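Chain lettering (A, B and C) follows the sequence in which the chains are written, and residue indices restart at 1 in each chain.
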Amino acid sequence: MSELAKDTPRPHWSFLSQNAMQLFYRLLAAFLICAVLSILSDSFLNLGNILNVLRQASLTFFIASGLTLVVLTAGLDLSVGANVALSACLAGMVIHQTGSPTLGILTGLLAGGAVGLMNGVMVTAMRIPSFIATYGMLWVLNGVTYWYMAGETIHGFPAGFRLIGSGYFLGLPIPVYLLLVFLAIGSLFAHRTVWGQEIYAIGANPVAARLSGIPVSRRLLLVYTVSGTMAGLASIIFLSRLNSAEADIGESLTLPAIAAVLIGGTSLFGGVGTIFGTFVGSLILTLVLNGMNLLSINANWQPLVTGIIVIIAVWLDMKTRRPAS
Amino acid sequence: MSDSAEITAAPPAPLLELRGISKQFPGVKALDDVSFAVYPGEVHMLLGENGAGKSSLMKILCGAYSADAGEVYYKGEKVDVSSTAEARKLGIAVIFQEFSLVPFLDIAQNIFLGREPKGRWPGIIDRRRILRDAKRVLDSIGFEIDPSVVVDTLGVAQQQMVEIAKAISQDARILVMDEPTAALSDREADLLFALIGRLKADGVAIVYISHRMAEVFAIGDRITVLRDGRRIDQLRPADVTPDHLVRMMVGRNVDMSYPRHFAERPGEVVLQVKGLSAATGISDIDIEVRRGEIVGLCGLVGSGRTEVARAIFGADPVSEGEIIFDGKPIAGEPDVAARRGIALIPESRKSEGLALLRSVGDNLVVAALNKLFPRRLYDPSDAQRTADGLIRQLRIATPSARQAVGLLSGGNQQKVVIGKWLAAGAKLFIFDEPTRGIDVGAKSEIFALIDRLVAEGAAALMISSEQIEICHVCDRAYVMRDGRIAGHLTRSELTEENIVRLGMHDE
Amino acid sequence: MSDAVVIGPIRAVRRLPGVAIVLVLLIGLFGTIAPGFLSAANLANVLVQSTILIMLALPMTLIIMTEGIDLSMGAVLTLTSLCVAIVSLATKSMLLGLGAAVLVGTLFGLANGWLVAIAKIPPFVATLATLGMAHGLSLIVSDGQSVVGIPHSVRDIYSAQLLGVPVPILMGVASYCIFHALLYHTRFGTYVFALGGNREALRYAGLSPNRLLIAVYAIGGMMAGVAGLLMTARMNSGHPTAGLGLEFDAIAAVAVGGTSFERGNGWLLGTVLGVLAVGVLRNGLNLVSLPSSVQVASVGLLVILAMFLDGLRSRA
């Protein structure tokens, strides 16, 4: 032991257990919020409300889970909200024109993925910092969507399609099943595939990752494409749930998605974070917003509260996690 | 100076004197009881190999480091130089190789940054006066240039002049220059030497770190030779020959011996580099490495050794030439090289070799992911087993594979970097300064490891600034100078003197 | 004084190509295809409409020079515009309205600066969060409704003329002059160059980079407050989403204007030309009856293109 002590000046702590602690704190926070809300509001513990929270959280989670991969590589995708809007409008239009939900779903996923791929190309081949590239993309997408929709609203979709967002199966909303499926897929991808490992390595130190033989550019392309495709998936759920598509549906989605990722413990500096953490982050954010709703606080407060939560989350993360290196 | 005729005996009052300075870093004694004095109006050359302690001494001079032991005297009085601000107050200024200039301000604004002359209104700069003052400072060092020229448009030599002007404008009496001619052309260097002559005449003391023999004899008034953190000698250029100086710098370190089992006959050619050039400043490189060999790649820092390694590994684009590995040409990004079986153990372990916040285990398997999990499904317990095996095999001192690698000592971190390429099954290992910042015990372990690797059929190309290591460990070596191969030394020719001679400028 | 202007022209000549060519091309393009584009009334209109953007783009130039960004500017402008509307409605005083707007804007700027300089939160995320906060506050104070019935003293600012020149143009010119003096002739301006170019140099000179950085962001917030007055005057009301997204036009103008996102290389005149380029682009597209959505998309492409070229230039 004395031999080892020489090499480890600081107390031994393993990274896994530190991550576990971080996750534990977040789950604790979620439970505390639940406890407070159930005291403050009679309708919180109502089954309908809880299912509603889960459904809301799943929408945030779909966008945030793809975004988590981007943030794990120390990047950011500011275009996710605008991507959801464009994909939803395109998918809605295709369903209306062809009457085929399958084609619509494919269109939404493909459009989302294509936007993500373009983000990836800007970040890798054109070497534009991800913040600026995706920020420019946000406005390009906004413009294209508004132009395409020309102020119209598409609504009224086949009943089968509407089941995706608003249907129930064995008493649970279908989005909740999708949430569980994608939570599992995302976690497996991040923790049980070589790609996932490579993404963590890139985020932790991109130079070392490249010099360890990881094809960094190709992996970044993959990550941005996945993020875009997840936005495309979210657009389908939105479309099905709202039963309508409008150009402005993405405007209030980006900040909550980023908030969910950061609350979930994914570091803005890359290499640290989990998909499950993002799920917990989505849950916490939704609980807070739902609680405000139940306590009859005007929805106008939501952006303000979300902004404050983002700052607190980043600040806590930097205070508790980053040891001097 | 009034006593300039009296050179034999040192002038009576040194401007600055360091006595018995020692500085310890984890695992390395950077300075050991070094005494050093500078007198007004002299150029004091500081000589030594990489890692001899020059930069540590310089940093103590300018207050960036504080010494563990020893005293500093300024004009005979004991002073405490524990911060750069105090050093500045004493008139000590350092011209670093990386400049402290702001690129898009003009020369005058840079010289007086933070000390701008006040104009009529608060906060407004008196433009005419700052230009006039700057012109005066520039004139005083004989630098003919318009002070309103933006610094970004200047060449390296001119930027250096601006740095010097900035120091002079702060009444610096002691100027420390770290290899100031490293990036200069001969003509620019001559201008700098002329300036140094003028500064000397004004009584400024200059501490000058150099690798170029010719400069030492051209401008030096006195020479201090450092080796392994100790002062070997202090002498005057007239009393010494270049050969003698080289021997002093290299020294003899009798208790250093590394185990090496030289192969009877080297195996087939593994790596063949033909006429390799790259935009990073290397040209026309020819190198051959055979199975079972350790081939040295030496030369001064900045001679292009690292750039050659990076070009072979695909980390920098190649502009010309061919790299043949295992009989087939190779080109592309590092992932291609890694898949083919080339490993690069980079010089800066912490920034390029490891993800410090990740665990030892994660770092050990990162290069072997494709090999361990060909179906691309990652199994943590498999990875853990591989990591544990390597930790045992390499005797990496860590409480577990889950420990963050940043918490390990330098030697153990280096073992992790080597270990990840063992796991990947590399056939050619390119080591860039594998023993930098590692203590003696860990060094011989690393060398034993490299020896075992090549004995088992791998090949190694090893960059090192420690000539003694190259001599003990390598089968043969290439010496680089100014981005080119300056010569090749066979086992029998491989001596420290030969390496230094081939690698030095102006020989 | 003759010495003082030496730097300007040298830089101008060196950089003139990019943004000036873009501007000339755009003017040429819309001069041919857009009827009435070159009329004096329309050109004056472009200038007047560009003033709000100038007031945001000038401080944005300083912020970007420090390798930062302020995404909250449009939302803060919206909030300060509401402050002008609400306070002037309550007190009937334009000056009190302006005072409140400048105060609120400066507070947001200080918050941004604190988050970036002291809390060390990356500027993109810090100002995205304050964007949300400012947007939320706008919705809260206005309850999501327009604030109408503001006094004449506010409204008249946008339409008034002084010596035959519209007051907004005068305000834009004055802002440029102040920022020009600030950046090129004061100690503070010198240090802004150093914040992006070489922060170490500031520390060596015994100056506090953090305080300077906070000041730069605070100036951004303050200018958003001043621009809020113009915004309210122009709309003749306060509206909770009026200025959202304007920060993007400001960033576009700065990027197109040749200010680099690295190494502290800023050029205010380029920013002004960039603002005009964005203004001409929007105005021209409008004249050829393309909807504002196309304008937004083309500004987005403009930024991506400018950033790509900036990256190429800094690598060259």
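FYI, a residue touches a chain if its C-beta (ideal position, glycine included) is under 8 Å from a C-beta of that chain, and two chains touch if they have at least 3 such contacts.
As the structure is a prediction and not an experimental result, all values here were calculated from the model.
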Query - Topology of the chain contact graph, where touching chains are joined (line, ring, star, complete, other) - result: complete
Report task. Return the chain pair with more inter-chain C-beta contacts, choosing between A-C and B-C. Result -> A-C
Requested in this report: Could you give the separation in Å between the centres of subunit B and subunit C, each centre being the mean of its C-alpha atoms?
Outcome: 45
Report summary line: Taking each chain's mean CA coordinate, subunit A and subunit C are separated, in whole Å, by 31
Query raised in the report: Which of the residues in subunit C come into contact with subunit B in the complex?
Result: 1, 3-4, 6-7, 10-11, 181, 185-188, 190, 193-194, 197-198, 200-202, 204-207, 263-266
Query raised in the report: Which subunit B residues qualify as touching subunit A in the complex?
Result: 313, 315, 333-335, 337-339, 344, 346, 351-359, 362, 365-367, 369-370, 373, 376-380, 397-400, 402-404, 406-409, 412, 420, 424
Requested in this report: Write out the stretch or stretches of subunit A touching subunit B in their complex.
Outcome: 3-4, 6-10, 12, 14-17, 191-198, 200-201, 204-205, 207-215, 217, 271-272, 323, 325
Query raised in the report: Can you list the subunit B residues touching subunit C in their complex?
Result: 84-85, 100-106, 109-110, 113-116, 119, 123-125, 127-128, 131, 146, 148, 150, 152
Report summary line: Listed in rising order, subunit A residues that touch subunit C in their complex are 76, 78, 122, 126-129, 131-133, 135-147, 150, 247, 255, 258, 262, 268, 298, 300-308, 310-311, 314-315, 318
